[in-house]
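See the structures that follow.
The following pair of complexes shares a single chain, chain A, combined with chain B in the former and chain C in the latter.
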Partner chain A sequence: MTATTLPPGSSRALHRNLPAYAEIVRNRLKVSIAYRQNSLFLLAIVVVQIFILKKVWSALYATQSSVNGVDRHALLVYLTIANIQGWVLQDPTVSRYMYERVRQGLVAFDLVRPSGFIPQMFAQLMGSTLSSMMFVLPALPIIYFAGTLGAPASWSAAGGYAISLVCGYVITMMLTLIIGLIAFWTTEIFGLTMLYRLVSQFFAGALVPLSFFPGGLRILAESLPFQSTVYVPVAIYVGRLSGLEMARAIIVQLAWIAGLSFAAWAMWRRALFRVVVQGG
Partner chain B sequence: MTTEALERKPLRRLRSPIWSLRMAWELEKAAFRGQLEYRLNFVIMTFLGIAYQGSGFAFIWVVLRQFHTLDGWTFHDLAFLYSLRLLSHATWVVPFNLLSDIDMTLREGMFDQFLVRPLNPLLQVITHRFRMNVIGDVITAFALFVLAANMADVSFTVVHVVYLVLAVIGGALAEGAIILACASLSFRLLETWALRFLIDNVYLMFGSYPLRIFGAGISWSFTWLVPIAFVAYIPSSVLLKHASGLHVSPIIAWGAPAVGFIWFIASYQVWRWQLKHYQSSGH
Partner chain C sequence: MPPAIRVEDLVKEFQRPRQQSGFLGGVRTLFTRQFDVVRAVDGVSFSIDTGELVGYIGPNGAGKSTTIKMMTGILVPTSGAVEVAGITPWRDRERNALQIGVVFGQRSQLWWDLPLIDSFRLVGKLYRVPQARYQRNIDRFVEMLDMQEFLERPVRQLSLGQRMRGDLAASMLYEPRILYLDEPTIGLDVVAKESMRTFIEEMNRESGTTIVLTTHDLADVERLCARIILIDHGRVLYDGAVEQLKAKYAPHRVLVVQLAPEAVCDGRWPTIDDAFLAGAEVAEQADGVARIRFETARTPVHDLIAAVNARYPVADLSIVEPDLEGVVRQIYGDLVPVA
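Moving on to the complex of A and B:
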């Protein structure tokens, strides 16, 4: 087997194509710097949302210091971190980018490149995450005043958060990939990506922690993958989930990673055939 | 009568405001019919509009089940406030939704055509297409408003109904004034969509709660610098008899609808002034 015939997914191919992926990441960063005005306005929306949530929840907590076993400070830290994290990790433009490539037939060029299509999309996602981070870090002092920032509840909470955050990020990537892959079947994806953003934000617990959801809604939220992207890591961070509960939540996250990876893989295999049909 | 006067006469008829509005109405209908051709997209976009506007309401519902009141406002009061803001928002976006495409309209040179046609360019900008997701806004606004008006303790005397109607129109103009002024900047800056998205969100987020909870400084700013309070907070305070908690006098509270009209007239002057800075993209 010569080097050129390595299947894109193999580890040697991945290693060889690393410079190509780094270039995709770099390009993403350049794009967001070129359009920094827009990125800043979009970040401003998140900061305003954090501020609103702080004020609304503070008014709600006006007469109580602890509700449902959640004290006010922990809740405000939760909401602030959940919203920053949600903004950094999730980028609907990558799904839309996939859709544009498919619609314009440019996906053919992506497919013939020696670096695999899926890793290319992951590189896009990582690039957008890095660029979001680039904007968030200097904004942290403003976010500190708009919302409430605080240290993790304990050392084990910090460690658990790190692990759970990585799992949450992989789940977010898989979901974005699946939404993007739908473009191979449908002719329109804009409505779907917007809808996904709204639904996932609500069920991820970015506005209301899942522990405040009423009965039926909570069961629904817990059976969806979205809670594993934001609620689980941030609830670990503030000490809401600890010990056995924390371990259980991380196992559920790993199960979602396995399930969603399989779904994405199955979709991708079929999507390839769709491309052949469209190109024929 | 000279021949010159005879030739000028139809032109003058052309420019009358009534004629312009009738023309705009015909163009809007044509744009709407055009979009109806894409049925699936219509359904998706309508659904999206409902989900978008309904998700904010879902937040209030979930939270108020737990806490019962927010700064003295019950769930029913908040539902009324939320739906009144949505009603004003829908009243604005149905005719003016295409202002959100202004960047594209300018960049692709479409605006050149608008300038040579005998109809106010602004009317042409807003009627050349129709964005279907606003239908979702309208459906959500009406459904929530009917629901909330039944639940909340609102008296519907003739005076209150007249005030309500004027407040919805005034609220629409109070939101529209800022969006229009911002869209006018596109003549120079070429791209303002993210700024308008931010404004839209600020109106949605600050306008849907009792402004008082955000503190005195923000209450003042969003009353006198940006007219957010006049969209729904002040009118619903009057209608829900919460006016005693307001940061403005009762005279201003009852005069709230007029504020939107004044802002919009000023904003239209900004538009006309910025229009002079239009540079064709070279078509």
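Moving on to the complex of A and C:
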């Protein structure tokens, strides 16, 4: 064997390991199907949340047709899509999986694989996203009645949404990875993941759109990466962000991708040198 | 041929936060930056040739697993060098990964929620095993380890013995040149242990796999290894042939003599006197059975037997060889640090 060595991130290494990553994605899908009750339960929570948000916001809109320059229909579409998207893209089970691996010392096996730890975790994340999509598609009719679904504001909004969604997904993956990597230092991140979910959901604009935030809170929200995961793509979808504003928001997303990738890379370098495999 | 594994002056230190005691001790521990440095591995050196099957043994906390984790590239040592087939494991993880297999008896590399065969398929893909070779190895291992019955069952439903067989097979699917086994037989019953040992032996003999075996079951070592490396407190205490270790630490054999009934005189068994037995001593005797301790190097067995035979009517004789466990117990016993 004369396998030339390549850093695990290089494109040839990626190509060679592609069947392995595909297999990880497949296995992840199988696990989701094996635990489908759990996935359906989580999906039900999201549907209920969408329903409650619709009721609350409709009450607010009862006396006026437009709040803050956003009409009722656009807002309800925003909330529905933001919550579905948040549910599909952000599966808490993967960061939990990562910290379980570290906590039980199973990370030892991930580290002696030829395909690199980080790409393996990305494959896990993609598998979980695919399985979430699988559950959400048949549930769309129910979601339609619980919330409000509507077409993108325009063709450019649809295109912008597609690009922004991909960026938002990469940012979500990076954030999940960083949270998981913290386990190498603390060996326990359960509390942190709970906090992360709460903070990210709020600052991503899944409950209230960012444009409704009051002054100081809005500045804080705009300086955090969470808004790029949900608010930006969905605001583009409903036409709230368009033209130059849309372009600017996508550039900010790209900057977050660069910054978070660097942070994850730096953390990973350090994590490698302080791996403490728990037990035995 | 260069050695398969070369370990030189390997040191690994861990930092542990110092626990504060007393009222609110837990809270104080959180905020103080005091650490105790623990040297788990303290200057270990050895080299292992291609095709060797070496037992790496030591009491709990001796530093065995830490050494294994550095050899596999999981841990980065504090200082010292490791070379596995010319590669420094933690620097070149990918290339190292392709040539090693790892089994940790206390944890499993199998996918907990999925059928065993799915984990095998994933391992095949991870190590880029060509389909034909994968199928050939699967067929062979399934037969050798008798896994047909539970191949389609989710790993979480397997018994420990079944799971360990699965883990062992997974680690050899891609035919690594070097196999690390960290307590592979822990908690297994006799049948499962035997099946594991046979497999390990065959992998070493037929595929020429270099194997490092860590275990607390010295029967594993006696059955499988010609050479052992014994460590404690992070240092190598002994490195060499199992036979020599026994000769060095347990030079004594025991000759068990059962006297014939006609020796009874006045209703009492005669007492064997060690004065006649050059270099041997009677360790204990009762009811016509005597245990005579002797050193093979100084007292030839046949001389001793002849001496006993000449004076007493003997019904039965047997020689008890020292087992490795006794030897190791003796060494560990000697090493208990004086408080």
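By our rule, the second predicted complex is superposed on the first by the 271 of 280 C-alpha atoms of A that agree within 3 Å, B and C clash if a C-alpha of one lies under 4 Å from a C-alpha of the other, contacts with A are read in each partner's own complex, and residues count from 1 in each chain.
We adopt the following convention: a residue touches a chain if its C-beta (ideal position, glycine included) is under 8 Å from a C-beta of that chain, and two chains touch if they have at least 3 such contacts.
As the structure is a prediction and not an experimental result, all values here were calculated from the model.
K.L.:
Based on the shared chain A superposition, would you classify chain B and chain C as clashing or fitting together?
P.N.:
By the criteria stated at the top, chain C and chain B fit after superposition, with no clash.
K.L.:
Touching A:Leu272, do we find chain B (first), chain C (second), both, or neither?
P.N.:
second
K.L.:
So, does A:Ser154 touch the first partner chain B, the second partner chain C, both, or neither?
P.N.:
Touch status of A:Ser154: no partner.
K.L.:
Would you sort A:Leu106 into first (chain B), second (chain C), both or neither based on which partner it touches?
P.N.:
In the superposition, A:Leu106 touches chain C alone.
K.L.:
Who does A:Val48 touch here: chain B (first), chain C (second), both, or neither?
P.N.:
It touches chain B, and chain C stays clear.
K.L.:
Please indicate which partner A:Leu207 is in contact with in the superposed arrangement: first for chain B, second for chain C, both, or neither.
P.N.:
A:Leu207 sits against chain B, while chain C stays out of touch.
K.L.:
Return first, second, both or neither, reflecting whether A:Ala62 touches chain B, chain C, both chains, or no partner chain.
P.N.:
A:Ala62 contacts chain B only, not chain C.
K.L.:
Shortest C-alpha to C-alpha distance from chain B to chain C once the two structures are superposed, in angstrom?
P.N.:
In this superposition, no C-alpha atom of chain B lies closer than 6 Å to one of chain C.
K.L.:
Both chain B and chain C contact which residues of chain A?
P.N.:
none
K.L.:
Looking at the complex, which residues from chain A come into contact with chain C?
P.N.:
These residues of chain A touch chain C: 1, 3, 5-6, 8, 13, 16-17, 19-20, 22-24, 27, 30-31, 34-35, 104-106, 108-109, 111-116, 272-273, 275-277, 279-280.
K.L.:
Name, in rising order, each residue of chain B that touches chain A in their complex.
P.N.:
Interface residues on the chain B side: 40-41, 44-45, 47-48, 51-52, 55, 58-59, 62-63, 65-67, 70-71, 133, 191, 193-195, 197-198, 201-202, 205-206, 209, 213-215.
K.L.:
Per the contact definition, I'd like the list of chain C residues that touch chain A in the complex.
P.N.:
Listed in rising order, the residues are 14, 65, 69, 72-76, 90, 92-98, 100, 102, 104, 106-109, 111, 113-114, 118, 121-122, 125-128, 154, 182-183.
K.L.:
Which positions of chain A touch chain B when the two form their complex?
P.N.:
Contacts found on chain A: 37-38, 41-42, 44-45, 48-49, 52, 55-56, 58-60, 62, 67-68, 188, 191-192, 194-195, 198-199, 201-202, 207-208, 212-214, 217.
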